[in-house]
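Take a look at the following structure, please.
Letters are used for the chains, namely A, B and C, taken in the order the chains are written, and counting of residues starts over at 1 for each.
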Amino acid sequence: MSPPETTELSDYRRREQSITLSQLETPGQGEGDRTQELLTLNFGPHHPATHGVLRLLVTLQGEIVRDLKPIIGYVHTGIEKTAEEKAYWKVIPVVERMDYLSYYFNAMAYIGAVEALVEVEVPRRAQYLRVIHLELNRIASHLIWLGTGALDLGAVSIFLYCLREREKVLDLFEMSSGARMHTRYFQVGGVIEDIPTGFAAKLREFLKIMPERADEYGAILNSNEIVLQRLRGTGVVPVETLLGLGVTGPLLRAAGNPWDLRKAAPYSSYEDFDFKIPIGEVGDNYDRFACRLAEIYESVKILEQALDGLPEGPHMTGDRKIALPPRHELATSMEALIHHFKLVTEGFRVPPGEVYNPIESPRGELACFVRSDGSSKPARVHMRDPSFVNLQALAPMAKGSYIADMIAATAMLDPILGGIDR
Amino acid sequence: MKREPLGTAVDPKGLRVRSLNAEQMLRGAELEGANRPAHLEGTELEAYVAERVLTTTLDSAVAWARSNSFFPLAFGLACCAMEQFQTAGPRMDIARFGFEAFRASPRQADLIILAGRVSIKMAPVIRRLYDQMLEPKWAISMGACCSSMGVFNNYALVPADKFMPIDVHVPGCPPRPEALMHGILKLRDLVQNDPEAGWRERYEAVGTEERP
Amino acid sequence: MPDATGLELLAQELGDAAIETVYFRERATVVIDPAHIREVLGKLRAKGFSFLASVHGVDYYPEEPRLGVHYELLDMSRVDRLTVKLRVPLEEPEVDSVTAEWPTADHQEREVYDMFGVVFRGHPDLRRILMPEDYEGHPQRRDFPVGGEPVLFTRDEGQWLESRE
């Protein structure tokens, strides 16, 4: 296929078609000094060491990274635009697919915003069930992070171990909602179904073995000289830079700032649980790794407390204008039938207003902004994704260090491109 | 220290080394007595050979070899990639079929599993990757987003059929590892020249909306 | 969040820049004049709101002025949140960039430019971030069509096959 004449193509297209990106200007090139020549290298978007389709334009001096520019947009799905076309209830599955490893968190942020707008109260049992599923999802997300992160560093077997544990978590999700991923379990006003019998027993089994398994993974990686050398002392960024860049989550906690929305501004009955926030001291890649590993233990603690203290009660609000009535009522009550009809065809209407609802996802502050104009479809849904903002911290983490450290930094940054690109 | 022999001792002179002579075998020379067929000719000879020797065409042999050793390209876009990992994981082990060698380079891979949503920025990149793969190559479109537009029917996505040929579409959002495995095994049957007929052929059926 | 009275006091301190205050569902908002955004954020930083959590855009179609930009501020020591909103018309969608004082706004302002067309003066590298760089149009505006492919049903399969030949 011969390329069309260059006069028709924009600069951008011509650059993208060339195999070598030699036409890009290389900043800071020394005047005629060949020993200081800088090389611009393109990582991705398809590269085994990137998490998803992240493209990095890296300017190298030898093996040292001098400048790093991430280019994103390769999984841009137009989720926010699609959400404006759908009723509030139907936006939940669309928004769940944004940050595809923490699907319950996406749903929780959006649903929290809608519940604030509609001013509906969520029953206690539903809040505890939400906490159970959120913390299970946090464990699953950290397991994939650990598996793919260790895979990037070269420790291949950890990947398979983490997938084995994640299968157990996905089994639990399948028990409660029927699907392994993107479950649509959370609904506005509560959860869609109560947990079945056997869920509690299976969860307790899982909670017994998970700390032992996490100990194993810690033992394997902490005694591995290569992992320690690659992670210790690399990717250090001072806390002020991180705060300026808007970084939250385990990245900020590894640098020493104990900011966690579950403790600072508790939502969905997190104030009932007793757990600690692991923070790091130095802020290097090893601290980020250790923080996330410690968070798995804390999530197990929260799950035990939530399961022990699970209150009786309804799993969904009784407000029939928001939540579907139970099916047995449709045969006897005319009002239930009408409510069901209105909710399924048009959906509930939300009073006009704008709400920004932040929660703590495994990657940081995940927030949802919903603007409603009084109809049954939202006028604007924006997800403030933590990975999108945290990605700006990759450049300070990798500048001045080797390519291998850049790979380790990307692994410890835990970017999820679905959230970055939405 | 005298070493004890393991098992019963074998007398080397007792081993009878037989020389294998193909013609003798085919003509029944190794059989004794009444079972020994007389000089076989024609169809009898063919039947005798067919019982003892496996023959095939080179095409089928090559197809069998190719279909049992796909090298998938390590390519994951979005949520379906997580289920692709689980397919390679310990429970739904893709290695028992021989497909665990996920290659990073498209030059070394022959199967591209499009796992996830294809956005308009990514489509030329995928096309370039597909072009870099060497023949014979196959493509599986995993999930609803690349097979059709999936959940998101909007300006940002492209169904994979628009820019590259796909052999097997696996529905699901995301498809379970069992579903993906079913799709890969269907592709394996296809490559072995034994494709499973679709429901229309199998049941000689017609869709509900098409019935007059 | 600062409560309703705290919000009013804050707005008075901002002076002419503050056009309106909204206290809705216990969340505080200040709507300001777009020309003063850097000064307002600087004053709020001095009051303790030192973390910019999010910069995002909204299209208020059909109300004018149409394009809005929202800045979510967070005070970590007092766990206080404040939203600063501004609105610009479609004909002159220009706002000063705050990237110099708040580095987190870099990618986020690029996204607002990409999706809504708001031009940030003084931004170090204002290009499209999610769409391809030569894409025309700003997708998240309300009058931009959603797009997509027509859904194929088996009953239409005959027509579709014909139209491809």
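As a convention for this text, a residue touches a chain if its C-beta (ideal position, glycine included) is under 8 Å from a C-beta of that chain, and two chains touch if they have at least 3 such contacts.
Everything numeric in this text was worked out from a predicted model, so none of it was measured.
A.B. asks: Could you name the chain whose CA centroid falls nearest to the centroid of all protein CA atoms?
C.D. replies: That would be chain A.
A.B. asks: Comparing B-C against A-B, which pair counts more contacting C-beta pairs?
C.D. replies: Taking the two pairs in turn, the one with more contacts turns out to be A-B.
A.B. asks: Measuring from the mean C-alpha position of chain A to the mean C-alpha position of chain C, what distance in angstrom results?
C.D. replies: 22
A.B. asks: Taking each chain's centre as the mean of its CA atoms, how far is chain A from chain B in angstrom?
C.D. replies: Spacing between the chain centres: roughly 35 Å.
A.B. asks: Between chain B and chain C, what is the separation of their C-alpha centroids in Å?
C.D. replies: 51
A.B. asks: Scan chain B for residues touching two or more other chains and write them down.
C.D. replies: Residues 121, 153-157.
A.B. asks: List, in ascending order, every residue of chain C touching at least 2 other chains.
C.D. replies: Residues 131-132, 139, 144, 146 of chain C touch two or more partner chains.
A.B. asks: If a residue has to touch 2 or more other chains to count, which residues of chain A qualify?
C.D. replies: If we look for residues of chain A contacting two or more partner chains, we find 73, 76, 78, 81-82, 421.
A.B. asks: Name, in rising order, each residue of chain C that touches chain B in their complex.
C.D. replies: Per the touch definition, chain C meets chain B at residues 131-132, 139, 144-149, 151-155.
A.B. asks: Name, in rising order, each residue of chain B that touches chain C in their complex.
C.D. replies: It comes out as residues 120-121, 148-149, 153-157, 159, 207, 209-210.
A.B. asks: If we count contacts the way the header does, which residues on chain C are in touch with chain A in the complex?
C.D. replies: Where chain C meets chain A, its residues are 24-25, 27, 29, 50-54, 56-59, 70, 72, 76, 79, 81, 83, 102-104, 106-108, 111, 115, 128-134, 139-140, 142, 144, 146.
A.B. asks: Inside the complex, what are the residues of chain A that reach chain C?
C.D. replies: 10, 12-13, 72-73, 76, 78, 80-82, 84-85, 116-117, 119, 241, 243-248, 257, 259, 264-265, 353-356, 358, 365, 367, 369, 371, 379-380, 382, 384, 388-389, 391-392, 421-422
A.B. asks: Where on chain B is chain A touching in the complex?
C.D. replies: 74-79, 81-83, 85-86, 88-91, 104, 106, 116-117, 119, 121-122, 124-125, 129, 145, 151-157, 173-174, 176
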